[in-house]
Each structure stands twice: as C-alpha cells, then as structure tokens.
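Below you'll find a set of structures to go through.
The following pair of complexes shares a single chain, chain A, combined with chain B in the former and chain C in the latter.
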Partner chain A sequence: MTSNHDPSILSPDRTLPPSNPPSQKTFPFPRDYHFPPYFTRQPTLTTRHAQLQKWSSLILSYCRYHKIWKLSLADAIESDLFWNKKLGKRLSREDAREVLEFMRKEGRSEAVGGKDGSVFWVWWRDPEEWAGLIADWVDDTAQKNTVLTLYELTESEATLSQDFHGMDPDLLQKALSILVKRGKAQVFGQEDQQGVKFF
Partner chain B sequence: MFLKHLDLTTALRPLYLPDEVLLFVQDNVGLYEGKFKIPSHQNGSVYLTSHRICYIDTEDPRKNSVAIDLKEVERHEFYAGFMRSSAKITLFPKPSKRSSIQNRAISNLSQPSRSATASPSPRTDSPFHLPTSDPSPVGPGTWICPICSFSNPVPSNFDPYTASERTPLAPCLACGIKPPYALVMKAAIASATSRPAQPSPVPVRAPIPVRGRTDQPRSQPDTWHLSSSEGTDVQKSATASFQCPRCTFLNHPSLLSCELCGAPLISQDASRIAQPPVRTESPGPVLNTMPLPGMESNEIKISFRTGGEKIFLERLKGSMTQRKWLLQNAPPVPTVEERTIAGSGSSTPTGERVKTGGIAGLEQRSRELRKNNELVIGNAFEDLEALMASAKEIIALAESFAATNGTSGSSDSSAVANALGLVTTKDMLGGGSNSESLYISELSRNLAEFLTDDARGVLRKAGGIISLVDLWAVFNRARGGVELVSPLDFEKAARLWEKLKLPVRLRQFKSGVLVVQASDRTDEKTIKTLLAWLNDLHVFPPDKDLSWDWQVFGGGITAQDAAERFGWSIGVAEEELEMAEEKGALCREESIEGLKFWENWIDDTQAPGGRQLYNVI
Partner chain C sequence: MSRKGVGLAAFDRSRLTSAQYATHGNNLRTSHSTSLATQLSVFRSLLQQFAQTHAKDIRSNPTFRAEFARMCSAIGVDPLASSSGAGGKDGGGSFWAQLLGGSVNDFYFELAVRVVEVCGATREENGGLIGVKEVRDRIMSTRPEGSAEITDDDILRAVETLKPLGSSYSTLKVGHKTYIRSVPKELNTDQSAVLEAAQVLGYVSVSMLMVNLRWPRARAATAIDDLVSESMLWVDKQCDEYEYWSPGFMLEVQDEGSLG
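Right after this comes the complex of A and B.
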C-alpha cells in the first residue's frame, strides 16, 4: 500500500509531447497533413465532415503515439499537431476547438472539468476500454486478489509494455471506478495512498 | 405543293432567306385545307415575312411546320369571323398548269379584267411582248410634270430598284422639261404597288390596277382591256375605234399612240400576234380535271383563334404588293464601275468613254465614286419611299463606309442590318389577351438565336458563359438603338428558354448571379474541365519550389487563374469554382495569397484517383 505518487507530475506539461517523449522517432503524419487546404475550414458540408473525421483520426493516432491522455488546446495549437511548419499552415484555435467538439460528439474526447474548457480528454481508448484492458492484464498476470497500488499500476516496470503505463491518475480513477461498479475490483485507501484489489 | 417544308433555326423560328424580313407574328392559329382542319397543324404560330407565311407548330415544331411562299399565292380572302368561328384568312394558290382552268373559273367571276389565260410561268414580270416598232415603250404609272402638270407615262425601262440618278429620263411630253429623278421614282413605286400580282402575258401597255377581289378596277384602261380576255372579243373590237387608256379618246385602231395625249396604244396587230401561243396553252383536256373534288381543297385557311388577323391582313397586303421576293432574283445592284461607265458613256455623245490613265484616272474615278455616293444618299433621304426603295444600296454603302472607317465598323454594320430586319419588336406581334407573353416568347427565341449565332460567337467569346447583365448590354447594342429591350422583359424572356426547349439556359448561382450558357454545358462538364486542368498540375513541374508535394496534390488555382484560362469574367470564375466546391469536386485553401481551390483530397470519395496514390506515399 505504498505509493510515492507525486501529484506534481500530473501537471499539464506532462501531457505535452515535448516533455513526454516516449520515442525519439517522430510521429508519421498522414498524407493529408501535407495538403494545404487541410488547414482551411471547408464550407461544403460533406467535405467539412470528411475534414473533421480526418483531423479526429489524426489527433487520436497522434495522441496514441505520444501517449497523450489530456490535450491542452493552448499548447497543442503551438505543437506540430496543429501547425505544419514546413507548409507554413496551422489550424486556428477556433477550428481546433471545433475538431475537438466534433470528437466529443463522436465520443472520442471530453472536456476536462475546467470552465474554459481548453483541456480535453482524448479517448483514443475510452474509460470502458481502459477498464477492460487493466482487468485483462490483471487476469493475464494472475494478480487477482492481490492488492496493487495505483502507482504500481501505472508506473512500475511491470506495466511498461502496457498502454496504460504512465496513465493519467484521473483517468485511472475513472477506469477503476468502472471496474468497481462491475464488482471486479475494490479501491480503498486515502487520497494519495490508494490501493486496488481485483477479484 | 402549296405547303412547303420549312427549315427552322435552333430557336425554332423560321430560317430566313436572304433579304427576308419578319413582319408579323401571331400565335394560336390553326390551318385548314379547304373546309377541313389539317391534323396536327391546329396550334401554332404564324410568321409573316416579306417572302413567306410560315406556320410553326407548338407541339412538334420540327415535324409539323410548313411555309407558303407568297409568290405562289394568287390572292387572299378575309373572313371576319362570326359567333364562335374565328377570323380566317384564306390563301389561294397560283394556278399550276393542271388547275389553271379551274382557277380561271373562280377568278373570272370576280376579276373581269384579269386575263383568263393564266401564264404558265407566272414570274415573267415584263408585260412587253410589244412590237419593236413602238418608239417609246412605256411601263405602267404616270408622273405629273411639275412645270406644266401634264401626266407623263413612266418609261418602261425605268426600274425603281436598279435606277439611279444617272438613268436617263425622258423629258415631259408636253413642255419638254426633264423631271426630277425622285418624282419619277415615286411614280414608279406608286405604280408598282398597284401592279397586279400576276402580270398578264397579253400585251398591255396601260396600268392594270386590279389584283384580288378587294380592289376595284381603278381607272381608264379597262374598257378595252376587258375585251382582251377572250380572243374572239378582240377580233370584234378590232373594227371599232380604239379607246385611249389614259384620256379615253377614241382613236383609230391602227394608231400606235393616242392622237390626243400621245399615250401608247396597243395595236390590234400586237394583240393578235400575242394571242395565239397563249390560246394553245389554256383550254382543252384540263377541263376534264376541273370537277375533281380534290382540286377544290387547294386553298389554305389560317384561322386566328386569338385575334391578330387584322394586322396580319394589313401586312400581308403590304408584302404582296411590295413583292420583295422579286428582288432576290433581280440582277444585283450595279457596281460602281458599271455605273461610272454608264455615266461617262452617256455624257459623251459618241458613246465612248473618255480614257484617262495614271493618277489622274484614279483621282477621277474616286471623284466619280464620291459623287455617285452623294447622289445615292441624297436621293435616298429625300423622302421615305425613295429610302425604302433604295434600302439595299444604302446598307451596302453604310457597310463600305464602316469598312473604310476602321475595323470596329463591321459589328456595327451588322447591327444596322439587324435593326432593319429579323428582330422581333412589339409592333410585329399580334394582339389578343396574351400578346405580352407572345412578345416575351418571341424575344426569348430571338435571344437564343442571337446567342447561338456562330458568326457572332457571343457565347464563345465569353468562354461559353456570360452573365445576364452583360448579355443584355450586348443584345441591346446589337439592336442598334432601336426597340431596346427592358431589363424586366429581358429576364422574363431568358427565363422562358427552358420551357421553350431552346439550346441556351439561364443559370442562377447560389449568390443570385444570373448567367447564360449553352444548355449542353452542364455543371458536370465544367467540373470535368476544371479537374482536367488541375490534373495537369500534377504532371507539369511548377516554376517555383513548393512546400507541398506537387506530384501528389498538384496545385491550387485562384478565380483569377480560372478566368484567364477559360476566358470567363472573374465573377463567373468565382461562381464556377464555388459551384465545383459545393459539388465536392474541389476544396479551398485560404492563405495570404488569397483563396485557392484544390482537388478535393480531403474527402476520399471525391479524391481523384486517391487510392492508388495512397499506396505511393
């Protein structure tokens, strides 16, 4: 039940690609990323829809690649996700927000608490999927009925190969609460010293 | 056949012959042959031109349209309509060889003065089977000498269509003063209008004013003339004294000209000479064909269901008397050189032309030419009738002036020609409750013709698409300042194209801009050409380095580029590009360089050959 989990590392900075380099290789942007009109809002409905879908999938795969769970809009529009420096083209803040709004409707993003709504969850896996993933891992590693700290779950070397390694603690809470509801886990402990037991 | 096949323009109007002028249009008419309606010719428009009467069916214009040449119309009758029967105009064909007897039977009842033996070749206009001994053959018509008011005959060799100031004119028979040219011209025109539709081959040297039942025998000549209708009568009258057709003085039959007034008389010999060949032609077996019931139904009736018959009749009368179709067969207007030769020839008593060479000769020629032009213009504008008679010459002159004044003249002169004919104006159209809509539909056809006219190439010059406002300006300009079309009528007419199935269409862009384009030029075609162009941008290397992969994406085009490439106006180019964008074929890129349009690589269903290129990357 020990956890030297430091909340300071949950700062938004951590969600940004420069400070979170899981891999030194750069993300392979899709072809559309190099197409200048891709960065202009399309007025025609069908084209607009296709454009939003392409942005949506780009953001999801970008976030998956860089293991980003929380996307801060203000920072992201300065990143190469929304700014193709080679083309000299960037998505405007309004357009980026619209893309995220579109993703929200598709169930692929969610505003994180704040009223200004500039930080978004990006569900390249939604909480249900995360919950399933964690349960499966516990199953596979025969850790049922053992107690794990939340820190262990996301930061220990044992989970290094798993997608949920380094997962945002808030998201972890969400995923675990789903498992609790299903009766597959039990979370106990204090604020910073939480443990979980899987059944 | 009396009813002839009719060629139509693309706008489903009659294809005019050279020099043909549209006089009147009336819709809602039906055709009858004899007493019976002609099937599928019951709802159409009738076009009266200077040469023809054209019926154009509303239902199936290409199949059921017919024309009647006015030159084949013997006469026409008017029936005013009663109770529920509409007003009708009946057209009787000129007798063919077979039916001449029958027609004689009809016409003899009403036209005592007309020769019974109809000519087999009705176009022989010249009535002069005259004895050559006659010193001064005289055509019909008289002119009053302004000096002594003696009425002189117009010389027979004076043709109002070919005569010019240089035509030698005989002096007044009483006082010997030469008449002014315009006076003789007027007299000749006046007599031409009262000339018979079908000149008699019987030698006649006096005016024959009778044509059709409506005209009353006019004046002097008919007393003796009547007798000539049968050869035997002539024989009888030969013993009697001979009445002068002009002054009614009874001359001795052997005299060739009137003792009192000097008017030429027809000699009994002449009539005897002329008679026999005609007589062999007319009677005989034809009689047997007369009672055939089918022969009777040769007359064509036009039934005016919604009025307009009065103006039609009036203009029909006018064109029957003007007989413009004769002009078409007439010798061309003598060229300048011919005239010069004739002029100088007459000036020298020996008949030889004074020969001058070198620069002096050229100068003299140009001087004569200028003088001649002056005369023609002077005469033409002296009064209206003379102007009408010499309209052809004046147009030719105007064109030659325009040609010498510069290149821009050519379109203007065609505008002049256009203004003088073939243009639908409001007064050409029949009355009735729907005259306004008839005007609009005629204007609509007129416009369509104007647009599809290859010689003009209005649409081609504008890259196949022109805004309605531009077209309005061009069209009114081509009308030469007469009968300008109001914008309201113009738009209404343009909106009718689709309904009338004409080969042009009016299109409204989503911004509300109205443009005109050929109806076979669809949005799909426009998009195709745009995409073909964009496709080229993948192949041809750009002249500067681009930050994107041009081999994959090609390039973006602005409205300016498109306008330059296709000859469109910028406004049209913008609209076309936005149309293509709206259809999903293109997408846009906003940048500091302006709005550019690209192939739509965003929407995979639209991306050109997107799949194979995906693999390349």
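Right after this comes the complex of A and C.
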C-alpha cells in the first residue's frame, strides 16, 4: 500500500482512462472495459457479483462479435479481451478462469474436455439454439430431404450470412446430434466426409 | 393626563369600541377572503388554460417543463403533491393530474419507474448510490431515438413522486454532484469527503486523502474500506498504490468516448 510517488488529487500527469472511441472496425468494448478496477478482483461480495456479470456479458458479446466458439484461456489472457493495453490493466489467469466458471454456472460456458481444461466453449448461443438456427435455415431455404455435407453447411457461400457460418466442427456435431435425437436430421458418412439429411 | 373618561361609562365605551373593531375586522376578513377566493379561482383557471394550451410543450420540452414547475413552486403550488386525501369529490389525483388529464403526472410516474429500474439494476455495482446524471444517461440510452429529452430536473422530480410510497429513495448532495440513494444508508462526513474527492479524478488513494485532507493514514483507510464494503468504491490493485474508483466514473468515461 505504501509508495513514494507523490500523490495529489490535482496532479496533472495522471492519465485518465482513454476517452477516444475505438475505431469502427474493432469490437466496441463496453464502458466497464475502460474502468481500471474492472480488472481487479473486487473484495466485496456484491461488487464482485456485479463484476462477474459484467465480464460474462462482455465475453459473450466479444465472442459473438469475433465468432469465437472455443475460448482458450492461455490465448485469451494475452488478447485485448482480458488485457486492456491502453489502460495497462489485465485480468489474471485465475480471475479469468473464475469468470468462466461463473459463466458455466449460468449455463453460458463449458469446459472443453474435462473440468481442468483451459479451453472453454462460450455459449453466446448454446447447442440447442444452434440446432434451432440450422433447422430454421434449412426450412427457409427449402432444403429438407436434400443431403448436405457438413462442410457445405458451415463453409459454403450459401451460409455466409448465417451466424453458424464457420462454426467449430465439434460444436456442429453437438448441434446436429440434438436434431438427430429429435428425429429431424440424419448424419451419415465417415469422419471427413460426413453428410446430413434434414427432415 | 389621560383624556379618557374616568367614570363608569368608560367601561361601556371600551366594550363598544372593541365590539366595533371586531365587526370591522370580520368584515375585512370576509372581503379579503372572497377577493382572494376570486383571485385564486381566476388564477387557477388561467393556469389551467395555460397548462392545457401548453400541455404538449410541457410534455415534450424539458426546459419548458422545468420552467412551468419552477413557476408553480414560486407561487406555492406543488404540482406533484397529491391532493387525493383532502380533495373533494373530483379530487382524485394531483394538481397536474386534474389540470392535464394526468399526462404530465404520468410522465413523472413513468420516469420514476425507470429511475427505480436503473437504481435496482446498478445497486450491486454502486451500493445504491448513483449520480442523477448517470441515471439520466442510462434512461436516455434505452429510449428510442427522437423521444422527448429528459433533464436532471425531471429525474429529481420523479424521485420526489416516490416519496408518498414511503420508499427509501432520496436525493443526496455530495460536493457538486447530486446522487439518488436507493438504500436507506447514511454516509458519515468522512465517507462523504472521500466520495467528493473521488469526483475529481474518478478515484482516490489512501495517500491522496492523507495529503489533501490532512488525514492520518488510519482515518483515510477506514473511510475507504467502509465505502468499498458498501460497493460504493471499486479497488484497482494494478498500480503502485491501490486506487479506489467511484463506479459512477464508469459511465462518465463512456460518455466522453461516445462524444469524441
């Protein structure tokens, strides 16, 4: 707590959080992101809860914006998501993990492969919602009873405008298996050349 | 010597004069009250006329609304005070409700609901103490484009309307800023001083308080710790000395950003 720098309320050399807006092309970070204590674990329980909720919604909108389905903790803490370089503040690995754990309890994230993993699914849409989205698209484009390859579904130009374009293959499997369970789709074929037929 | 009579008749005379004074006084009072009543009814109808002609302006133009409210309070009419208790058979709502068919009143009640929403939604992050400006910004940001502007004055008036509910909503002035307090919590003078200091740069530190307020370390640390435990300050540990930030600053920063 002690320091020998000269603290003064009116000292002019202190930099305030950046006030210039981010350029249009980058993700528009919320106001909280420019608030220095946002990156420090708050000791008061209620404040902490508010903080976790703010982080949760930031991560969800960040991942939605960048179409991130799987968030690697190691990579993320080096990225601007958890590291505000202008402010010189960053979220520690432990704190970031706690946020994701908080999101898991809210049903908005899930560890990929085991509890101790450091890669997380971020459900800005959960598999159920993805399944619904894909089924709706098939419906809208009248492609029921036609066979599509999984590659077509997520990588072809036809789905460019869809949120599930470029979707993580593992997640696609999850979503499709939900549709299969409902009897709305059938997946067949080998590893690399899978196809799907919707009913 | 006294020019008053000294005989017994003096008693009669004085009784007579005081009786005359009393009747005259009564006459004056009645004539005053009737003329006042006339004036009042004329004034009332004029005010009513004015309010009706300008109902739209009152609703949509914040400056106009504030001026109208100021005019009412200058002449001792509290437009928001409910008259339902003392009112006659037609006195169902407040003065404005009677005048404007409820539109202005509703405006403030609706606004009050929004204020309560904002206070509730942010209570965790600010301990139930939020600047009027922040409340206004939050409400404005959720309103559709082009909807009527609201002012700080409107927000304060809306908070006033919550009073009859016996709610814990009140306003509080710290330094140059007015806050809305939505939890029944008193700030002691030290805490107010810290909050005021935090308005300058958005944050305070223990040594800042020691230097600027000439407080001993323990006093500064206690005041800060109290505010932190009330969620009224957030701590930033990623600096030489811990900095304690006012959550209201979160919103202000964003403001500057959106303007720039």
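Observations on the model:
Following the convention adopted for this analysis, the second predicted complex is superposed on the first by the 172 of 199 C-alpha atoms of A that agree within 3 Å, B and C clash if a C-alpha of one lies under 4 Å from a C-alpha of the other, contacts with A are read in each partner's own complex, and residues count from 1 in each chain.
Basically, a contact is a pair of C-beta atoms (placed from the backbone, for glycine too) under 8 Å apart; a residue touches a chain by one contact, two chains touch by 3 or more.
Fair warning: this is a prediction, and the values are worked out from it, not measured in the lab.
In the superposition on chain A, A:34 contacts both chain B and chain C. Of the two partner chains placed by the overlay, only chain B lies in contact with A:86; chain C stays clear of it. Considering which of chain B and chain C touches more of chain A, the answer is C.
In the superposition on chain A, no contact is made by A:156 with either chain B or chain C.
Shared-chain residue A:141: touches no atom of chain B or chain C. Looking at chain A, you'll find residues 31-32, 34-40, 42-44, 46-47, 50-51, 54, 88-89 touch chain B in one structure and chain C in the other. Across the complex, chain A is touched by residues 124-125, 127, 197, 200-208, 211-212, 228-231, 234-245, 247, 249-251, 253-254, 256-258, 260 of chain C. Against chain C, in their complex, chain A makes its touches with residues 1-3, 5, 7-10, 14, 16-21, 30-32, 34-40, 42-44, 46-47, 49-51, 53-54, 88-90.
Here chain B touches chain A in the complex through residues 547-549, 552-553, 556, 581-582, 584, 587-591, 596, 598, 600-606, 614, 617, going by the rule given at the top.
Remark: chain A residues 31-32, 34-40, 42-44, 46-47, 50-51, 54, 86-89 touch chain B in the complex.
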